[in-house]
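Handing you a structure now.
Order of writing sets the chain letters: A, B, C and D. Residues in each chain are counted from 1.
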């Protein structure tokens, strides 16, 4: 994504002529489409589309685009959005004590493999302060005690708002969030769960996987909803284990899958490649 | 496994000296071990072992081995068995209408990739008769109606016994077996389930996977127990799907995983590479 | 692909407005696009596109489509073709003695997982006659001796022509074809090579892989060109091996990868999902 | 590997009684073997073995073990070594500008996923100084100019010696090392090459992979020998790419494979799980 682009993503009832109308609109303004993806969902009769357009091929900016596109969008009853790749998303990171996902994401941030801003890292432990601060990123320690949960999450919410975070990534944050907070960030809060959902949702998934004697373990990146580990899945992956692997081995091996799956999920989200559709996702990877 | 071998597999309480005693026993009779695998289960304190020994390196046959090994086995409280690779297992195959697993297994049988005898194929449909009979294998059509279930399974049981089947493979057999039959073939009856268990057990797993929006689908080969899709898992695998895949696509793609996972599971079983341990397996693959 | 469709695939110099023009053309005739894929090759400045359109949504047949589309195609300097999913391709199969790929393809043919006709199977050995004839498919034994090579391939060419084969699949055919034959079927003759190309091209790839001590072995499906194992790659896959695997183990394990990779490659070809571009392929899978 | 253990690894001409003798030796001293792996190489007639023994189950330390084991080892003409898991290996890291492998390894070091000491990081660029020094590890900048190569490598050799490094990891170090240095660290110097060897050895492997149009890209961890990218392979892995992936995409995606493959290779080396055998490896993973 080296050249500044607009990403147009939309969905609407499927019918003849949507692609023709959208691509005709873009072409009529000289827009150069570098990537275009479509999906017709047969069951729901809904159509999904994502176009990536070189910004400097267009005679107007984002607001001009939005204004000119609106009538067309309305005529097809589209739900749509336009984003500008030169405006990086602001991602607040929540972590607990385990730092493999955090370390992985900050590496990709450091070497600009993925373009995003990190207004702050918030943790219920002090453990990772120095590593975060080495990166020049503010670190906030917000302990979560049984009796102080509500207050803690009010504070977390305020810290995210203060940092103007437009999305939240739970990079192995081991606390269940209150419903009001997950609703507030609906479709903008990603979690990594350390199992191949829907198997082993909830706590201690590696222990559960060990008990059941599965031969593959996995990880799932999903949008957070009120239902614990029940939100729309963005990406998943697995790796092979065998009878010789203890729970500790599974935890160790699983970390590598968790890192990769979260990084892919975050990438797709940052590049507006994900469209939520009911409790599922369309991912134009 | 071209050269005739004995496979010794055992498990017993873990302690110092088991491998020394067993390998000393084999070596003292000149036995040439071509493959040896061990596993110490820390949680249960149990030790598992499998040795493959060239038959012609030993001065006695299987019965002689068993007789001489018995005192040692008793002194370590071993559960053990010895099998002879020159005596192929007799595998009764149960199928319904879908033939991908059957076709795959019969190909491996035809070209002797895996050594086993097939006394008969039993199906609740006539569909696959000519393909089975082309291979010179008896085909039995045993319809299963709601009111005739018990009688049907008595007949199936009799057919397996008549063919002297020592194990049973459900190669996409779409009927739930009665408890008495699964108990009779405990540890000797393998099933292929078309999901990554424990997710989506029971009927129509691809539909359930589609509904949940998972990004990988899988298959599981397991021993059949009374609990539907709940027995010890032998092998599993998955493949990637995306939002563009319909249930029909998943069924099509899934067939390739089912074939591979069942073939591996059957191979492990035929070569006595699986030791059941509670509701889990040790697989010396 | 249950409903009859037209597949339009094209490539042309990249510029603004191609998708707009094509989709406008289709929409203006009421055409319902069920699948659409695009690719802009930045290096060569070439654009690739594949549309799948429901046949009964159009007011004309294939010839009508071709006639009406021709002016537009010319104005964009397109290389293009239109195929009809109700006209199955005729695939001549060449095999030697090993039947795993043949058996796999014929299974997919038998259960109509892939739609194609098999005018004949040609082999330099008699081995597989009965299995092929069981399927009601003509089997031709054409031995290839050092001195009779040219004559043998003339005969093979005649047999393919007689069966009106429009493409050829070398399903583990262990003879090198003469240049005139590979040129005649350029872009229509697929081979499965039992290594992860470009490593281990030529004869005995598993032996070479074993010698080098690689930790993964693979298979490659590619279009046949005059350069042995050098044509455009359609698909590849690998699987893990270790120090314990002999050449015989690699051959056995490799067969499963070969089957899958060839089946995928053939599927992509049959559904006109592959566009050759120099010595590479664009695969709209 | 939480409990202190000895790792005995050996190889010798294969014959009856090796396992019996070794396990009898260990058992006779009360040694508790927690992991045992064997391999008979049929082609060379050589036997390989690795035992992991709890240190506190033995009545003597490493030197006592070595002394007592020597006669037995001699009688079987063994090549063998004993290592102590409480003595971490000292790993000198060489890097250039790209830090993904370094960052990954230092994360595993930081959270003690793998036990090793890092006496120093040496680089031909200044780029990674602050990140390395954050970890409290000495960073040495040793530029390598065409005319100063020999001197630079003398200095690097001295720095490693000064840090008492007993092995060297080239974590994306983009300089070809002189023969005398690779010979000095034979079997103790690991490299990560960014291709699936033997394909695309040498410079710019992703460009070569892109040119050839392969559908999978890979990475290889191997011991360094005088032959560039020609040493014994420890581990390899691949990931899928398609026509839409540019060289830059391949580089980005490839980094994740490089990290994983190098980390696994280093882990196997650190835990004495690798035995070099000619130009191949036996890896008891």
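As a convention for this text, contacts are C-beta pairs under 8 Å (C-beta built on N, C-alpha and C of every residue); 3 or more make two chains touch, one makes a residue touch a chain.
As the structure is a prediction and not an experimental result, all values here were calculated from the model.
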item: Pair exhibiting more inter-chain C-beta contacts, C-D or A-D; value: C-D
item: Distance from the mean Cα position of subunit D to that of subunit A, given in whole angstrom; value: 36
item: Subunit C-subunit D separation of Cα centroids, rounded to whole Å; value: 41
item: Sites on subunit A at which at least two other chains make contact; value: none
item: Arrangement of touching chains [line / ring / star / complete / other]; value: complete
item: For the subunit D and subunit B complex, residues of the former touching the latter; value: 16-17, 19-21, 23-24, 26-28, 30-36, 38, 40, 57
item: Contacting residues of subunit C [partner subunit B, same complex]; value: 98-100, 103-104, 107, 110-111, 113, 131, 134, 252, 255-256, 260, 263
item: Residue numbers on subunit C that touch subunit D, as the complex places them; value: 39, 41-42, 48, 196-200, 212-216, 218, 232-238, 242-244, 246, 277, 279-283, 285
